[in-house]
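Below are structures written as structure tokens.
Below are two complexes that have chain A in common, paired first with chain B and then with chain C.
On to the complex of A and B.
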């Protein structure tokens, strides 16, 4: 009965895969060149304040150790072949394998982003639905005003505001970091982690709802004015049942797609929010790696975030194909 | 007693231009028709004459910015908003014009089931599908998978499964091939013969003449003539209104000449007879005031010079 377009879907994923690989190569190359040409001296950044104590010979040794004395292209190729072999290199600032640093940071970021993603998706959707169903009333105007105001608010500013209100004034939450300061890592409880997670999630969600809410509102207004809703009313359907039967599925589909596609924005927002809250996630690592010229880590992060955003977009596309019967089922007449 | 009576119905839309100026567009004005049990009444008019709004007005599903006056009675009792809410989809059903009126993301079978008022909705839906030669596989299809004929039969099924006494079919045959049209029309005839009533809103006077009993001619938001199908013969001598005559003459098997000009827009209706700007026999008198509907030779006409 339900025939899945197996072949077509496979081809679609294959094409996407090819596109991702080419994109990755290009992005890595550009980032590599950018970092190499940036005014930051990786050795200086690595050694930091001890620079004065390091003589030119030692400098050269370090450069040789990191392979920094070779031409840029050679460095890139060396790095590239290592990556292909599964070795992302060693982070200069953490002095640990890049893959380990990213793995650990990724878990933190994932907790943050996933919670923010779910929260903003659900809350935004509900807000959009309420606004559309009560179109033109004060509640609709409030929701719209909220969304338009927030759409133009920078994340870091909102982060600072949240921090000031909830941590400094009200003292409800810790001021930052991923875990309490001065506690051994074995002693950190899940509760501690959640406590540190709440404010960054709140910051991201407060901003994240605007997009989904406005989109859902617009879409639901169109759906409620559609011929099929008119016909449903002619058949005696009304109120919540009408929305549940015909409104919900017709707006949920684009909302889900939109929310997946917002992965990139979420990632960008997380970078800033993590910085404000000193939350040890990928974003914070990216900024540190950039500022201190940690090329292996930075490139590892670039690869990782590209894949992350790409997967988000892929899921958006796939969700549409799988959930929408118009693309899911072959035409049969 | 008539099953459905529409008396003096007017529908207008509020529209804001330049943000502040409120304009009332009168899309239907003093329209009256009656529908008898066992009868098919065709409401015939050109596209864009507001015919669909008549269907929506009767069912009470006009948009919020529409205001409505006049009375609509069902079985002799006025159809108030509250009464409509209980009858809509049960006694009164709509057959819409195209597949776009089905929820694109819901299986056709479930949509027909939600229209059913019986205890066992599944068997009710299967029965009606069987009656209209819709295979069992159609049940689990989505609207986009339906062919034109299947879509029309599905739309008809939603009305039939509800057990309604009055069906208002809004342009149910556009873009269908002649065989399908014929089948559609005979479905309506069959329904009416069971003692129910059908209001067939259409622009297609030719197919309307094949199955209906009575024709109401719709022009610029109102009825200009109500005539028996029997009046449409020969050169149309028995037809009362100049517009109806023009429609009759425009048919291919007759003279095939259409009248010049177009219907007036709701925002600029002529002060007198709405047809005056295009009427061959108009006199200055016609532009004074809108003529009233009057009885003439067993029919009704809205023309002061009709004989």
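On to the complex of A and C.
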């Protein structure tokens, strides 16, 4: 029986993988076309300030070097085959391979997103549970009000507020940058990095709790209205013990799934937070690439963020299938 | 004692429905005031006035002035009106796309359904902000870029809702009878299906609105949206970043707060409409 289950799971992942590949190819193609049709001339963007020193012949040479003089389809196939071989091209801003830039930035972003993800998940869950257990009281109303308000708060404004309060007024944290200014990269300690991480994480967490909290609250209210909870109450269970025995398992899984499925929003939030705090992560790289016309980096980031979101959705699906015994049981029939 | 059985004692003389309607009307009045204010305030209010630079909020300048002596209150109201305008166009466009594709997916057979849900997946699999950056980059930023970007990124979730709704109505008995009586697909769509999804569409549209406005402000803030000469909220906030360390908190605080209030109002109208129109949600 177990093996049968495993086979199903394998098939499920395989199907998801096939779907992912078709989506990814389509996204590559569409974004390539979009980028090719942009009014920003890649050669101009590459040359930048040296405009006066570069003559028409040199421009042609550069165009030939980048393969820009060929038809779009040929360019796409060239680029596509290079991507398949693991070569995303060279970033025009950083003058380094895109893979390297993304890899380095990804670790910065990962630290940021992971901590915000965990923190907002746990705090949001606890808030949702409290609101649902105390449904109708002032604390429930307060949490609900807080969550609804946060859902309409601009992330970057929250970032600015946090920056104003903690860096400018209180002076507890440095303003921006992933590492202190004027220090060699070898001398940057772990403490420095953590110190620069706290404010962006705080911003993302303050805003990130709303979704999980409201969702958990809704689910737990349904659970609390069920017959088995009524029975448990009749036996005299109440408060935390009641939640621990009958509520937790029923609401934990939807919350985890929701958190995984929110990877897309997490990425969007990270882009804004990184921009506000000048934190050198993927989001900031995306904005730089978009503003300065760095085509290879932009395409690489689109692909990367797609994979990131896909992994989140896959984990959400898997967590349901692997953790929830009920979905497993249904499969057997 | 079961808490959920407790009867809510009504402190107000209005019943729930009246109170909800009242809330909606208040929000609408507020929003209309903001929009009218944005239109009626002329450019003279935000001309540079170098004698009153960097002044903190006072009775004369409610939100203070910036480094060029421009009145922040006037700029904020104009920015809000602009944001609401852009949001309106984006949300209408998105809702139309969602309506068309949702109905098409539900009525045009399995193949169309598969293709459309694939397209929905396609749009959902890239983070919104990255898509917006990509589209803004392609169209070279500016008003056109941001409106098209917002229109193209916000429809998928609403399209799914509409698709599910249409599917449900399609299998209802009255539709089947209508089909047996030889009515055309088009006739059924207009007379049976459309009236049912209009409330859903309206609610969906109102709930889309806040997202569209927030994304507009975000992209403009990042420098890929409206041009720096427009008095947009995103522009105001991104400019204020340079003056943060000098302690000029009012440059960022009030415009952002106003944006938050406007967005919250729209959200509330949407939620209230939902409570009024959707019987399954009326209990919470």
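Following the convention adopted for this analysis, the second predicted complex is superposed on the first by the 322 of 333 C-alpha atoms of A that agree within 3 Å, B and C clash if a C-alpha of one lies under 4 Å from a C-alpha of the other, contacts with A are read in each partner's own complex, and residues count from 1 in each chain.
Everything below uses one rule, namely that a contact is a pair of C-beta atoms (placed from the backbone, for glycine too) under 8 Å apart; a residue touches a chain by one contact, two chains touch by 3 or more.
Given the structure is predicted, the values throughout are model-derived calculations rather than measurements.
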item: First, second, both or neither for A:267, with chain B first and chain C second; value: second
item: Which of chain B and chain C A:104 touches, first, second, both or neither; value: neither
item: Greater residue coverage of chain A in the superposed arrangement, chain B or chain C; value: C
item: Contacts of A:317 with chain B and chain C, given as first, second, both or neither; value: neither
item: First (chain B), second (chain C), both or neither touched by A:35; value: second
item: Touching partner for A:246 - first (chain B), second (chain C), both, neither; value: first
item: Chain B versus chain C as contact partner of A:291, first or second or both or neither; value: second
item: Which of chain B and chain C A:230 touches, first, second, both or neither; value: both
item: Residues of chain A at both interfaces, chain B in one complex, chain C in the other; value: 225, 230, 233
item: Chain A residues touching chain C - in the complex, by the definition given at the top; value: 19, 22-23, 26-27, 30-31, 34-35, 37-40, 135-136, 148-149, 151-157, 160-161, 163-164, 167-168, 175, 221, 224-225, 230, 233, 264-265, 267-268, 271-272, 275-276, 283, 286-287, 290-291, 293, 298, 301-302, 305-306, 309-310, 313
item: Complex contacts: residues of chain C adjacent to chain A; value: 2-4, 6, 8, 118, 121-122, 124-130, 133-140, 210, 214, 217-218, 221-224, 237, 240-241, 244-245, 247, 249, 252-253, 256, 259-260, 263-264, 266-268, 271, 284
item: Contact footprint of chain A on chain B as seen in their complex; value: 56, 59, 61, 63, 85, 88-90, 93-94, 96, 98, 100-106, 114-115, 137, 140-142, 144-147, 158, 162
item: Chain B partner contacts - residues on chain A that touch it in the complex; value: 1, 225-228, 230-238, 245-246, 249-250, 253, 324-326, 329, 331-333
